[in-house]
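Two complexes are shown next, each including chain A; its partner changes from chain B in the first to chain C in the second.
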Partner chain A sequence: MNRLILRTLLSHWRSRPFQIVTLLLGLTVATALWSGVQAINAEARASYAQAAATLGTDRFDSLQPRGAETFDQEAYIALRRAGWDVSPVVEGSLRLGGERYRVLGIDPVTAPASLPARPDLQGADLTDFLGPTGLILISASTTLPPDVDLPPVRVVEGIAPGTLVMDIGLAQTLLTMPGQLSRLILLPGVQGAPPIAEASGVVFDRIAPRGDGGGIAALTDSFHLNLTAFGFLAFAVGLFIVYSSIGLAFEQRKPMLRTLRALGVPLRRLMLVMVAELTALALLAGIAGVALGYLIAASLLPDVAATLEGLYGAQVSGSLSLRPAWWATGLLIAMGGAALAAGDTLWRTARMPLLSAAMPEAWHGAQARAQFWQGIAALGCFALALVLCFTASSLTAGFALMGALLIGAALALPVVLATILRIGAARARGPLSQWGWADARQQMSRLSLALMALLLALSANIGVGTMVMSFRDTFTGWLDQRLVAEVYVTASDAEQGRAIHAWATDRVDAVLPIWSAEARLGAVPISIYGVAQHPTYSEHWPLIEALPGAWQSVASGEGALINEQMAARRDLSPGDALILPTPDGTDWPLTITAIYSDYGNPVDQVMVDVGLLATRYPDIERLRFALRTADAPQVIEEARARFGLSSEQVVDQAAIKALSLAIFERTFTVTGALNILTLAVAALALLTAMLTLQLMRLPSLAPLWAMGLTRAALARAELVKVLALALLTAILSIPIGLGVAWVLTNVINVMAFGWRLPMNLYPMDWLRLIGLALLTATVAAGLPVLRLARTAPRTLLGVFASER
Partner chain B sequence: MRVLVFLLLLPTLAFAQGFAGLGTATQEGFATPERGATLTFPTDHAAHPDYRIEWWYLTANMTGPDGATYGAQWTLFRSALAPGEGEGWASPQIWMGHAALTTADRHFVAETFARGGIGQAGVTAQPFAAWIDDWQIAGPDLTEVTVRARGDGFAYTLDLATSAPFVAQGDGGYSVKSGAGQASYYYSQPFYDLTGMIEIGGVPTPVTGQAWLDREWSSQPLAETQDGWDWFSIHFESGEKLMAFRLRDNSGAPFHSGTWIDADGTPHPLDGDTLSFTELERAQTSGPQVPIAWRVQIAQRGLDITTRPLNPDAWMDTLFPYWEGPIHVEGSHDGIGYLEMTGYE
Partner chain C sequence: MLTVTDLHKSFETAGQPLPVLRGVDLAVTRGECVALTGESGSGKSTLLHLIAALDTFDAGSIRLDGQELAGLNDRARADLRRNRVGVIFQQFNLIPSLSVGDNLAFQARLAGRFDAAWQARLTERLGLGPLTDRWPEQLSGGQQQRVAVGRAIAARPALVLADEPTGNLDEATGGAVMDLLLDLVAETQATLLMVTHSAALAARLNRRVHLSLGQVSAL
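Entry: the complex of A and B
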């Protein structure tokens, strides 16, 4: 009997293939966007974890020299001889044929056995690895330029992409750092050895392992949360399509269900078969959605990888691997989505009175009741948003605030639209106009879901667009302030750095060293930058908050400037004391005298006097200089000719700005792509709603036709109604979008990156978006309206013959 | 004699080119031991980087104040990927250290590795020092040294001294290892008097006893068919010493060899035919089953003894595992010593 019931139920889809197509399409698209975003996140996180595993920083403590990039390997020997179980590591980057590779030099005999890159002590690899020519280990996804002079390369599993693993001696040679090490892996279980600083004569920072991919994972968290939020938004919008198709199918199958029940099919069995039908559909759509999601992720991943590398220096594999867990979650999400969208329908089926007649007029009361509850829910969402607005203290809470705002707005939309239509109807003159307003209100009940989807997509669009453009404007203005020097030079080594310094001192108006040290404050890494005393800084550097005489205090060695994100994360303000660590282990007490904006930088930063930095951190690299000159092209040419510097080592201001802006633009490529996809999904929702509506509305339109309105006039009236509703929705989406933008710039950005952005308004973009919404509505309504205009008179006549 | 340890290790270690390559062929460029060469001290106490493998192998039998007996092992192995020494990380030398401390019911093992050329491990002759990490045997010269090592749950510091001469094994230090003629340079110092301190789980115990140092280096030491050995070093109560081993051969009769050492240090190489090794009992260790009780007979010396271990589970769970532990000896002669067994699976 189950089979019979199923056949009967399925016969509905056979006669309305379009409906099942929209249902499947909606669920597929929703699943695809969601799982696509998840795939990107999973790939990126896997890359971080693999990088950390390759480096051993996921399981082992690391010892990093304080305030220096490298240290003498004698310190390593001293630690081993003192009984510390440490293994040396040399790290650096190498440019081969225009590509940058990470070099990781290890000592396989002391490296922990679980280090993925370590050649097996029992394998033949070791002989080659340590042999005179050496061996380079890479992952299968890493390709090397063909014409470089390197030792033999072998592909092994478990190495992060873009990383070359080799023996430590070979790494020292390739990176020209003889006798120098970058860090030590510290293995657990050492007892009774003398303190590390005492044994080695070097001050090390001990860095605890991070299982999740380490600092990079923490830095990029906000980026991934952003993507997730977008994926979720697209998923929610997609579910509107599913909800409306399932709801429609239920309405249309009502007589069939009643007949089945009347024939004696038990409710339980009917429900079971319906659930089975839904599960099968969800499974089908889920598989297609996951496959489509894979394609989306694969096409977006290169941009994401570029963004992550540009922003955070995180290496992410540009190619996507298939993960079973991801397939499974994709299918589950599809099922969950289908259940969510169909829950209401199943509930109504379960409660349907056996002999309920068609109640064409009942919709009005039902709609009013539904709107009342929707209004209450919307108010609840807004209230939650308001509370979160003042209390949100985490990124998740920030997204919850945005969610509450968007859902509240979507729920409120039908209420607001209905009110507007009621007012319109009250003022309407003439029968046709009155009918139009009233009919629009009736249509609302079916269209409202699609309109809600449109509202969500448009609001998100305005919100994100406003945030990105505000950010871009602020960023470019800030770059102009910050990049004042005309020429930026990077020396190849310390000796050349000294030579360049000497030459430039005579040649240009001012030489401003850009020297920095990496250190740790608490457990968190910070950069300490040294700045020279020069109007370049004191007159241009963009300060947000400052004590009087901030720059003088830096020059006198008492003051320090910190960036906005450091101030936000550590709750610091001008006047607070700041104690910096130093390589010799002594404290370096300073007073914070100003806070400066530092967009695009994920790391906490401190600025101090350069002379003092060089004294406290004697081992910093003295390679970078900013030059002030009125004669930039000539200076660049001379520097290149004199020191044999590459075009990357001598750059002018314009090139640096262009590079910074390019990184900025790439950062938001993915956001833009998801934004457009979401809008496309909303258009699809509107289209499906319109198409199904058209079928249902023939009975309401047929009498008008019979009274003498032409089909063309009816079609025009339909189009105008849909456009009017879309226009209203678009206009309503502007304040909502601005609310979203405010949340993004003032809550989420602050939580995610630590910087607050001024929010600018871009009315021209709103107009463009309203145009886009109308276009969307025209496209969505076009086909149904065209079909209406071409409906055969026989069909319209048939309405009067058929039973409702 | 400990040559064999490393030999079995080597094929798996892959420091060499595989087991087959080790058999009879001399490795490209490595020096080989030659009969008739004379050992020179203290020079020969230091490393011989032109030979492929070499070790400084110390075992000690010790007694605590309550009469409890202990065993200690301290070993430094050197293995060369290529002959000679190189600068820094380019050195082809690799070092491996094993340390163990054995009681009647516990057996502590530690293992460590180092690259040559950078100072993490090495050996100097005068003043003598052999070290890897914080383990070392060091003193003004090899007749008066302090031995240190520590590992998970144990540590020891042992002072060794002797006035006895070093004892050349085999033919004046040329020790043959197979019927086909594989050989190594091999000398010993079996006459150390020991005082020191052992530490188990942080609890120190003073000890006294005897220690035995073996020095051996070679480049081509084992026949292809030899797959393990049983090696004894014994201090008799008379003050005499015995070194005896059996190399098991999967293609035929085992190869026997040994040296009888008078109390004054005079060595008497033993004819292999006069040595007899009989397994008396096997026991399960934390590794495989191994023979733990032996009957050793040397007709020409009137020797007929039974050896039993202090701790049957002296299994060395190292990268290349083997059995090594203190034994006590009864029969025609009484004494104490060390037994090493490899190649059991």
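Entry: the complex of A and C
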């Protein structure tokens, strides 16, 4: 019996192939976008975890020098002698053939046995590894440029992508860090040894292991949450297509279902077969969706990897692995989505009376009731959004606020449109325009889902677009303020740094050292930058909030400036006290005198007087300088010739700005791609809704044709109606999009990155989007309208046939 | 007023032409009320649709007030339907998105012949006065067909074509709708051509034309 029922149900699709294509397409696209984003996130997180495992920071405590990036290896020897079971590590980055690689130098003898990068002590590897030529271990996904002069390379498992593991001596040579170490891995089980500072003579911070992929995972959480939010939005928009396809199929299959029931098919059996049919379709679409998602993820991953490296310095493999868990999740999400979209239909089937109602569907009453409850739900969402506006204190709450705003807007859309259409109908003069307004209102119940999808896509587009463009404008302006010096120089070593300083002092208008120290404040890393007393800073540096005489107080050694993200994370304001740690273990008390904007920097930053910084942190690198000069090209040429500096070591302002902007643009490539994909899905939703609607429109249009309207006139009227609805939706999406932009710039950005962006308005962009929405609607309505204009009179006459 | 000569019409079925009308001849004078009867599949509705310029014919001629319908383009046929013909369907085919009042006035307004006084009188005659603000879905079958009759008559067309207008109604309701239709046709001096299966209804009209196997035949 089941087979017979299934065959009968499937016969519906045979006669309506377009419908099943729409259903499968919707589910495939929804699954593809969702699983594509999940694949990117999974790949990135796997890379973080692998990086942490390679470095050992996921299992072992580490010792890092306070206020410096490196320390003398004598301290390590002293600790070993004092009985501390520690293993040295040298870390740094190396640029080879334009690509940046992470260098990890280890001592294979003292390194923990479970460290993936540690070569087998019994194997031949160790001899090569420690031999005079050396050996570099890399992962299979890491490729090195062919023309660089490096020791032999061997591919091993368990090493993070983009990381070169080698003996500590080789790493010190390649990174130009003779006798220097970056940190120490502290092995468990040390007892009775003297305190570390006493034994080594260096103040170390002890860093606890992080099992979640390390600090990078925490830093990049917001980025991945952003991607997830976009993936979910695209998934939801795709589900609109599935929902409308399944709903239409149900309406058309109603008589068949009634007949089956009348012929004695039990309801339970019918439901079971319908669920089986749906599961099979969901599986089919799921497989196609996951495959498509893989392609999307593979094409976006290089940009994501570049973004993550640019923003957070996180190394992510640029190639995608096929993970069984990801396949399973993709299929589950396809089935979940199908269940969500079909739940209402299955429920209605279960409750459908055996005999059809004598009266035609009372759409006025039904629509009014549905809109009433939709309006109530929309108000509920808006109320929740309002509450979250004032109370949101986490990133998740920020996204909940955006979700409430978007869902509320989508629910409110049909109510608002119906109201506008009712007013339009009341004011219409001619019979055709009166019919047009009234008919558009009736069509709302069928088109509203597609229009809601369009509203969501357009709002997200305006919101994200406004955020990105505001960010770009702010960033450009901020770069202009921050990068005032004409030339930036980086010396190869401290001695050259001193020589450059001495030469430049006589050669240029001003030499501004860019010296910094790394430290930890309450276990969180901070950067401390030294700033010279010069109008370059006091006149240009972008301050958000400042006490009077902020710069003078920095120059006098009492004040400090902090970046916006530090102020937000630690709830600090000008006038608050700040106690910085120092390498000798003493406190460095300061007063915060100003807060400055510092876009794109994930780390908390403090600016103090450069002389004082050099005193408190005597070991800081003194390699970088900003030079003020009216003769930049000549100064650059002279510096290169005199000190043998490479083009990367001496750069002019324009080059640095161009590089910063290039990184910025790439950061939003993925967002832009997802934005366009979401809009494309919305266009698809509108197209499928229009095509399916057209099949149901003939009974409404045939009487008008019989009363003397040409098919072309009817087609025109249909097109105008869809365009009008799309236009209204696009106009309504502007305030919603601006709301989304406000949430992104003032709530989510603050929570995710710690900086607040000024929100600018871009009316030309809105006009472009309205044009795009109209184009989308024209494309979506074009085919159905063309088909209507060419409908054979016999088809229209079928509406009047008595056998209907 | 209406002259149909040697009219032929076929439909394609499974790739084969299926003749539905095989040389129909018919003449109706102005003001005449003619019943078109015949068994199912005899071509009654097809003939009505061709006269209403809803479809095109293969051969022959239809002349309405001297105007030949053969060769008219889509726009001209739409003009003819809008201005000179009123069609009443068995399924009522009201516009669900418009109120009863708007449905009643729709074709007259479309034809540019809306007359508020006539509209008011017509609404009263049809007994639809209290129902003008309602929606079609809120009316009974008889009430809906009265709206359809009113809509067809409102523009005062020269020719009213009715395709089994009472086929969906019970006898009493159907009789009342027929009374109204005949009264209004008489009042507007229109010509009526009505497809019906009912001999009783056919008997109430001036003349009866019987179709059999796509041809006019003697009873």
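What to note about this one:
As a working rule, the second predicted complex is superposed on the first by the 797 of 804 C-alpha atoms of A that agree within 3 Å, B and C clash if a C-alpha of one lies under 4 Å from a C-alpha of the other, contacts with A are read in each partner's own complex, and residues count from 1 in each chain.
We take it that a residue touches a chain if its C-beta (ideal position, glycine included) is under 8 Å from a C-beta of that chain, and two chains touch if they have at least 3 such contacts.
For clarity, every value in this text was computed on a predicted model and none was experimentally measured.
Annotation: superposed three-chain arrangement on chain A; chain B versus chain C shows no clash, the two fitting side by side. Once the two complexes are overlaid on the shared chain, A:Arg80 sits against chain B while remaining clear of chain C. When the two complexes are overlaid on their common chain A, residue A:Gly131 makes contact with chain B while staying clear of chain C. Once the two complexes are laid over each other on the shared chain, residue contacts for A:Ser700 go to chain C alone; chain B is not touched. Once the two complexes are laid over each other on the shared chain, residue contacts for A:Arg482 go to neither chain B nor chain C.
Residue contacts after overlaying the shared chain place A:Asp439 against chain C, while chain B stays out of touching range.
For the combined arrangement built by superposing the two complexes, chain A sits at the apex of an angle of 140 degrees to chain B and chain C, based on C-alpha centres and given in steps of 10.
Minimum C-alpha separation, chain B to chain C, in the superposed model: 85 Å. Overlap of the chain B and chain C interfaces on chain A comprises no residues.
Listed in rising order, the residues of chain B touching chain A in the complex are 12-18, 81-82, 88-90, 92, 94, 113-115, 118-120, 131, 133-134, 150, 152, 155, 319. Those residues of chain A that touch chain B in the complex are listed here as 73-74, 76-77, 80-83, 107, 109-110, 121-127, 130-132, 167-170, 172, 178-179, 189, 192-193. Those residues of chain C that touch chain A in the complex are listed here as 11, 45, 49, 52, 54-56, 74-75, 78-83, 87, 89-91, 93-98, 102, 105-107, 109-111, 135, 137-138, 163-164, 167. Against chain C, in their complex, chain A makes its touches with residues 359-364, 430-432, 434-435, 438-439, 441-442, 699-700, 702-713, 793-794, 796-797, 799-802, 804.
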